[in-house]
Amino acid sequence: MLAMIRRKMKFQREADPVWADQISQQPGIDRIWSCVQCGTCSGTCPLSIYMDFTPRRVVALVREGFRGDALGCQTIWLCASCYSCTAHCPQNVHITDLMYRLKREAIQYRMFPKRFPIPVLAREFFRLVQRHGRNSEVWLVVRMALKSNPFALLSMAKYGFGLLRTGRLSLRQDRIQRTKELQRELSAPQEEPQ
Amino acid sequence: MSEFEPKIVAFFCNWCTYLAADLAGTSRMKYAPNTRVIRVMCSGRVDPQFILEAFARGADGVLIGGCHPNDCHYQEGNYKALRRFYALKEIVRQMGIEDERLRLEWISAAEGERVKIVVNDMVGKIRALGPLRPKPQQEVTA
Amino acid sequence: MSTAQKPARRDGYVYFPGCALSANGIAYDESLRTLYRLLGLGLRELEDWNCCGATAYMSIDEGSAFLLSARNLSIAHRMGAEEVLAPCSACYLVLRKTQDYVAHHPSVRRKVTESLERAGLGPLNTVRVRHPLEVLYNDVGVARIQSLTTRKWRGGRIACYYGCQVVRPYDEVDKPYNPMRMDELMQAVGAPTTDYSLKTKCCGGSLTGTTAEVGLRLNYILLKEAARKGAQAIVTICPLCQFNLDVYQKEIARQSGERFDMPVLFFTQVLGWALGGEPRELGLHRSLAGQSLIQRWFAAKEEVEAYV
Amino acid sequence: MSEAGGPVRIGVYVCHCGTNIAAVVGCGEVADYARSLAQVAVSREYKYLCSEPGQELIRQDIRDHGLNRIVVASCSPHLHEHTFRAAVEKSGLNPFFMHMVNIREHNSWVHEDRAKATAKANDMVRAAVRRVALQQSLSRGRVEINPGVLVVGGGIAGIHAAMTLANAGKKVHLVERQPSIGGHMAMFDKTFPTLDCAACILTPKMSSVKAHPNITLWSNAEVTGVAGYVGNFDVKVTRWPRYIDEDLCTGCLQCVEACVYKEARFPDGFNMGLSKRKPIYLPFPQAVPQVPVIDPETCIQFKTGKCKKTCVAACADRQAIDFQQKEKIEQIRVGAIVIATGFQPFDASRVPYYGYGVYPNVYTSLEVERLVNASGPTGGDVVLRDGRRPKSVGVIHCVGSRDVDSNRWCSRVCCMYSLKLAHLLKEHTDAEIFNFYIDMRTPGKGFEEFYQKLLNEGVHFIRGRVAEVTDWALDPTEEDKLVLRVEDTLLGTVRRIPVDMVVLSVGLEPHADAGEVRRLFNISCASEGFFLERHPKLAPVNTFTDGIFLAGCCQGPKDIPDTVAQAGAAAAEALALIDAGAVETEPNTAHVIEESCSGCRTCVPMCPYNAIVFDAAAGRARIEQVLCKGCGTCVAACPSAAIGQHLFEDAEIFEEIEGVLANV
């Protein structure tokens, strides 16, 4: 019983106001300082009902500099980038861009929740495109599930079959011709972590 | 050697642009400290000689600020200013002074932000041009 | 509505299919090409195009995400195109966003320019990114599509589903709230549409695969509300939306215990058929859900009757 | 008044303004620098020059050091030029020997680099020192004030201002655009927080306006021209035809009764289209004047010319109906103008995700005001457009307020009127009421108490801005309802709340034509489009145009008590002006330097006020000092440099130019 009781108080020493300032340097994200915490973003978000922190609370976390919570939450990985929050926000906060920004930092510092498949998928996708120049997110999902998760395989296999039969799924890796050109373009000297 | 700091003489009309600059102040907006504002009642009061005098005495740029079209406190002084400005612009151009150095802007009393934007923009452009130096006299080809 | 057709692009539209349209969304590709042929418009495929990076790339490295799009835009420019046609919502948005950021943020512009030079690629210049919905609506026009219609619609009522990234955050394809252009096009070929309140709600994208319980629930709501409003089919403009609603429909029905038999079509399939295209060249056989209805609605040997 | 003969002795005073200036500009350095300039006899810095000791410091120096020119480097001349002129004048020096340098609004408040800001202040002070040496002794003109006042707008603000002025014995012209005075307040049911009936407060005042011997009321009329200046405004008023002669009409309304339309058919504007009216109608029962109006858009006589004209028959020998009536132009001269043109409610259809105009059971707050009103379209019975009685209502605050996509500002009254409507709806229907707010703003007298009352009445208060009003249903409890999707930010979770009725608490915004009105009266707008006061604290009802005052929501959103208070203040300012009998004018007029004038007449068409006349006999131009407003356009245009402008002489401006650039 006692194990379920958790301290929720936040101490000011846990806050990192410098980090908040850094994050808000990015174009569009600077508007977080105008947020009035009205919750329109959460209300319009189709996925907020599954999130551990609603998007509004993520903005509050970032503003107050609670980096650990903001980077470790599930919210940023449940964001499907539908831009509904950004379009609705009465203060023009670019919330979708903020989510992307947090995802990047969470991946960089490996702070995403354990056993959460989305960041893994994103990285896999990133690598494949880097190498071959082509890939499809959906296709990768199906393929990964087919290959990696034996439990999911049972339910996924039937989609796979349907897709194969209708000519919509090929297990052959598509690639561009001039992969070298693409790699040269992407080979920018790494800048400071974004 | 410190960075070149352009000096800009600004003629602001009393009713719109001067008040806009006041508003920029009360709103604590920050902009480049390169303008020297001379208050006139109306942009229509700005005599072309004032502008030439400013360039002659070492100004790197001249900015005239008046009320928007139809908003002149004196009905149409700003139109007079505009007509004069076109003529003057041509003269200044023939003297070899770059276009960016002479500017006319309509800025209403509500547009403090615009003062900031215009001043910063003008300072940036003139800084890029460098100090106003008399060009070797070019043959004017009409 | 003006019936005047703008002159077609000199060499037709430069077309960026993207990964989805070459795989699971191939029916979109087939129907788009067919429709363009029927309209007498040219389509040139973007030469050696690469993946747009979609949402995943933005989550890893924003800079590289812009570079992927920059290569495509640069190639389009080299092909002499002023405009590039991107039917996939993810591709459309990423290309459009790249342009926006290159135009407005000097740091992005600098990085993109340098990287293109390093790869021996040309400049971006101002290639305009366009979506077929908006091209059909603006360049071709509702009236012209109506006048070219040769088949009478025999299917049921349609819910037009626009999804998210085509109408947000940029509003050039259609309005972000209650868009109507697809509805107007469907009505022009005689297909009745429902008043569908969820037309710009998100399908969850790849969440159907990664967090199935969440993704499937979103799609369940989309299907259920369409049915509640009397729709017998959903028509989309996005390969991902089509994929989710079509491929997972059976699973959604199983989990919810409700029956769905809802064809999920691309708007280009409906328009292409109305203008005389054959079902196979429109990829109508590739849908999983509601296949029996599809076969009934889109009979191959429909006699050509003047309709208008 | 000293003519300041003898050598020029300049005193320079640099103000710290507490730390407002001193924090950025090195005031001591500026004062030291000024001391080094030619002709400067005294140079000092001081903490607050505008204070009495500060002013006394200047006066003392004038006496002790024989100063005859003063430069004050402090704030904007728009704020304190009159203060320092008065201080100088008190010491016997001509006030126009003083010149101000703005080192606060134009310097310390907008710059951060101390060295650069100080250098700029030095440049400006140097220019002022050089210019002030040339300044001349001038005297102000005197303009007689016409005792009449024009009040524009007949809402509660205009009504109160007109009554105050009229009670003080002034002749007032009240011009109202609508056929009746009363404004928005006449549409309200109750007023917050006291819940007294709006009509009970307002209608007696409306009748008093009509009855007052000092007030001329022109309704259905607009100001279409304003010329002149403080004390002497020439105003053109266009009285639009109402097709009924106000003098002949007795207000019996038999014409309305007799109209060939037996049933009212056309949307009634006063009831927000929730009821119908006939083509001939009285705007509302308590309308002032009690004279009907004919709408030519719907009247058969106007549309076809073939009506039986039963209204004319009913009017009989009173013969008040006149289909030929044309607009009438009235020309009046007044000394002061009070502008009280009010606001327009935000158009709720501009927020597409709230479904106004799409779902019939979505209402605006103003519609609900009429719906709960006993003399409203349903007699106070709250029945929805679909005939149902609501069992649950959602009231959404901040619609068209605090939103960068519509209006950024807080409209100030919506929280309180939303509470009021929640109370009234509860009282009328016993429905379950949900109020959705971002921040609850109840800062007025008795407001917080009212909020407490509502909390205890069982109204739900959900802190969160509703994301959408929609009709899609997830389960049977949501069928045929409007579903509000919102994050309850206090719970930190998203909720779906099905209701029968949605009330959108729309914000206040400037009239669509506020820009044209502003130009007409030559006043300014703030960035939001509301009219700009001269100073928010020092001159809150004045404008930058002397003799024109502001009252009510045309200056910014405000509630009824504040509106009435402001209207009283505007009336008092107008009274103070008028009772002074005359006003002094700035001496910054243009004048012809006769010996230089070549008689070319270039200047004559330059003047928008026809102040320049050509004296054919003398072969020279002449400027009528009373007519000249001092813009200086003719000065800049004169090819012979034969026109000067007091306070802005060419020589003075050249000195300023050379002064600011002297160290380049």
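We just call them A, B, C and D in the order they show up, numbering each chain from 1.
Assume a contact is a pair of C-beta atoms (placed from the backbone, for glycine too) under 8 Å apart; a residue touches a chain by one contact, two chains touch by 3 or more.
Nothing here was measured: the structure is a model prediction, and the numbers come from that model.
Across the assembly, the chain pair joined by the most C-beta contact pairs is A-C. Each chain gets a centre from the mean of its Cα atoms; for chain B and chain D, those two points are 31 Å apart. Centroids built from CA atoms put chain D at 49 Å from chain A.
Annotation: 50 Å between the Cα-based centres of chain C and chain D. Counting partner chains per residue, chain B has no residue touching two or more of them. The set of chain A residues touching two or more other chains is empty.
Shared interface positions of chain C, i.e. residues touching 2 or more other chains, are not present. Contact between chains, as defined at the top, is found for A-C, A-D, B-D, C-D.
Of all residues in chain C, only 19-20, 22-27, 48-51, 53-64, 67-68, 70-71, 90, 101, 104-105, 111, 114-116, 118-121, 163-165, 168-169, 176, 200-202, 204-212, 214, 218, 239-240, 243, 247-248, 250-251, 285-288 touch chain A in the complex they form. For chain A in complex with chain C, the touching residues are 27, 46-47, 50, 78, 80-84, 86-87, 96, 100-101, 103-104, 107, 117-119, 121-123, 125-126, 129-130, 133-139, 141-142, 144-145, 152, 155, 158-159, 162-163, 166-170, 174, 176-178, 181-182, 184-188, 191, 194. On chain D, the positions that touch chain C within their shared complex are 352-353, 358, 470-474.
Residues of chain C that touch chain D in their complex: 175, 177-178, 197-198, 221, 225, 228.
Residues of chain B that touch chain D in their complex: 5, 7, 9, 15-16, 18-19, 21-22, 24-26, 28-31, 33, 36-42, 44-50, 53-54, 57-59, 70-71, 73-77, 80, 84, 108-111, 116.
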